[in-house]
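By written order: A, B and C. Residues from 1 in each chain.
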Amino acid sequence: MKKNSLLSKLISAPHIVWAAIFIVVPLVMVVYYAFTDRNGDFTVENIKAMGYYTYVNVFLRSLWYGIIVTVICLVIAYPFAYVISNLAPKTQGTMVMLIMLPMWMSLLLRTYSIMALISDTGIINSFLEAVGIGRIKMINTPFAVILGMVYDFLPFMILPVYSAMTKMDVSLIETAYDLGANKRNVFLKVIIPLSRSGIVSGATMVFVPSVSTFFISQRLGGSKTALIGEIIESLFVKNNNPHLGSAISLVLMVLILICMFVMNRFGDEEEGAVMI
Amino acid sequence: MENKVIIQLKNISKSYGDEKVLNDINLSIRDKEFITLLGPSGCGKTTTLRVIAGFVEPDGGDVIFDGKKINDIPPHKRQVNTIFQRYALFPHLNVYENVAFGLRLKKKSEEEIKKTVGEMLELVNLKGFGKRNVDSLSGGQQQRVAIARALANDPKVLLLDEPLSALDLKLRKDMQVELKNIQKEMGITFIYVTHDQEEALSMSDTVVVMDNGMIQQIGTPQEIYNEPKNAFVADFIGESNILDGVMKEDFRAEFSGHTFQCLDKGFGISEEVDVVIRPEDIVVTDYEKGMISGVVTSVTFKGVHFEIIVDIDGFKWMIQTTKEQFVGDRIGLDIDPDSIHIMKKSEYSGRYGDYSTFSDEIEHLSDVTEE
Amino acid sequence: MKKKTPLGIAYTALILILLYAPIIVMIIFSFNSSRSTSVMTGFSLKWYRDLLYDSEIIKALYHSLIIAFLSASISTVLGTMACVGIERMTKKSAKSLLMNVTNIPMMNPDIVTGISMLLLFTFSGLILKKSDVLGFWTLLITHITFNLPYVILSILPKLRQMDAYLSEAAYDLGCTPAKAFFKVVLPSIKTGIISGFLMAITLSIDDFVISYFVTGSSWQTLPVKIYSMTKRFDPTVYALSTTVFFAILILLILKNFFQSKSEKRSIRGEKTE
């Protein structure tokens, strides 16, 4: 079967070449730009700049928002997924469709709808004014950014958790009851650990875009809540400083890698504990 | 009927990494023969079959088909067809199209295809199943489609890789008879791979017993059963008590502290040998009258007979008898000269043939792991 | 375990209401006769008319569809070929390296994928001495790149599930390896290929962040166009959102309808046999 192995190399060759040019090379470019200045000379200034107060602040804020949004999404999505996974199969299908529908709409349009809702002259403030409470400043606050992210990314948490729950073997839960566990114990010791894979993938799918978004914070957050994404975008598009932009992107990539590693690690340890 | 040789394997060897899967295999297969490759899993029987089909390229040796070397001919140009263990029916085609697959590749006319497919489906008792989806068929029916599909290609040799292993016992027995009939009707060579010795003995003209990548014995089912070449073959085919013995002279062998008359000759004076005695060939008599004697340690009722384990000087014998015995009974045993089979010592000596750890349960467990 | 607690149902309903409230508000106000986003002053289709006559939006939609169709087609072909190769790769380390590299655009934040491609394109622009590289080609290349991992991920499991002996059975019956691929392998992984293609289409149409960095003003896609429109309040965006919402709703309903119909048909088919 020697001919076959040659054929197999040839057939995946276009993809390998493609991946090398358009995946590996661009990442090398990011590293290259991060360590050079405008003249193309080697420099560590861009990386050093990451230590400046402003950037440290932005990084911390982005991570913090990402964590808050992930936790809120999990808290909202988990019971929701649990309830729908216990519905009749037909209703479940409809529910999944209802969750997917907003997800299929552009993120931009969904964010825009929130923007219109909470703006100073939006429908909520008009209502509050009409009933005599008076307007509340909502847009251009951290609250608005977090609300927008939760609203945009909630389906990304619901679907994986839901699918982990539907894959769960019902007989395991019954066995737990049979072995004398009460509802609370079954939930804590069986259902949560078994749906862990869904939680981890949901958390990843919410955390990564939350940390790196630039559109949501731009439209809902104003200038005080600048996040990493916004800084990168403005460095590349407006300020034309791809070197500093690359340095920030590099750090962002590394940070996210670390977070994902920790998250997966956490998951593994949990699994080990359950096995014991 | 001595037909001409159709397939010949000459010094075939094959290794995967350090593991030698086939070690110098030499085998001649005659036209219209039903030949079975028999052995435990990992013995190299399936690899041998795949070498013939062309899916495995041997490291060394020649595959000769009809007098021509076919080592370099790819599978799709060989005049052999294979029945795969899990049938490998094309799920996107219905029964008719599965059977017609090879014919279409040969650009046969639509009329001819219809005729051949019809004949083949009739042969395997699936007339009228043409439009059925293959997923809607039972395991036995899928197997029949696989047979029809392979036969429609008009092969000179049909290779069958444990074709019945996925079926339940009853169906397996029926299919054994049916396969044998099909082979006779079509008049082609069947090369059949199995780990089931009963299947091998009841269906084959020739049985090839393999172990460790080597052929242990080639012979008719009777030869294999009655005159096993070594302890492995004796143990793998049926039940056997295998004892250490010494050939005193021609026709006289000593074992279990007694010298027996036997029909074997040609061994050296006082040569150490392995002695095989089948459980059903031992006659139970009274304690005092027997050639040798021992104590019954276990009795199992098997329907037609009792299977008893007898301790004779520390060696556990298995004996099948129609007379009921009880645990603790002291009994005598007689062995006729033609029930004794003497084998030369081999690497397998001492590894098989003692029933001290025997139990039905273990036997079943090992059956399962072999699948 | 089928328990329907009223509390659970109420909670589910509440979340769904919150999820849909902004969209419903938007739908309502898309029919408003004035620019206000808080007071309905009267019913009008004015904003829909504006949308229809906005040639920029129509052009952007056309661009989006072209890019989506082309990138999905190319990435499906490339991805299918890659899967066959990956499945046959014998070296485990090479296999996992290739898979990991392929998955990078899926794991990386979109913005990083976007800027890294931008760097590659501007750098090649410098070398080729072309100032205006960003446009159709850069967009197409980028979309193919981020579609590939999803296409491969939906085809590879189908290839693994496929009975390994099917190709051998095809060779055995007289197929050359190429014929075996088209007659047996391709039909067996068809569902994976189709779902990979559809996924690539939706990803491509939906993508904003990556496209934003790698396209110029000459080839704006719909999301990029929408981005420039959302800088200020513009009820045409409401009209657009409403149109998109109902388009997706109809597509989803059709999909469910055909799915349940084909399921029923297959059940009925089995019964008649």
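We adopt the following convention: a residue touches a chain if its C-beta (ideal position, glycine included) is under 8 Å from a C-beta of that chain, and two chains touch if they have at least 3 such contacts.
Keep in mind the model is a prediction, meaning the values are calculated, not measured.
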Most centrally placed chain - per-chain CA mean versus overall CA mean: C
Label of the chain whose CA centroid is most distant from the centroid of chain C: B
Centroid distance [mean C-alpha coordinates] between chain C and chain A, Å: 18
Centre-to-centre distance between chain C and chain B (centres being mean Cα positions), rounded to whole Å: 56
Cα-centroid distance, chain A relative to chain B, in whole angstrom: 60
Where chain A touches two or more other chains, by residue: none
Sequence positions of chain B contacting 2 or more other chains: 55
Touch list for chain B against partner chain C, complex: 53-55, 74-77, 80-82, 84-86, 88-93, 101-102, 105-106, 131-133, 136, 149-150, 153
Sites on chain C touched by chain B in the complex: 163, 165-166, 168-176, 179-180, 183-184, 187-188, 190, 269-270, 273
In the complex, chain C residues that touch chain A: 1-5, 8-9, 11-12, 15-16, 18-23, 25-26, 29, 36-39, 78-79, 81-82, 84-86, 88-90, 98, 101-102, 104-105, 107-113, 115-120, 122-123, 141-142, 144-145, 148, 177, 202, 206, 208-209, 213, 222-223, 226-227, 230, 233, 237-238, 240-241, 244-245, 248-249, 252, 256
List of chain A residues in touch with chain C within their complex: 3-5, 7-16, 18-20, 22-27, 29-30, 33, 76, 79-80, 82-84, 86-88, 93, 95, 97-102, 104-117, 119, 121-123, 125-126, 151, 154, 170, 173-174, 208-209, 211-215, 219, 229, 232-233, 236-237, 242, 245-246, 249, 252-253, 256, 260
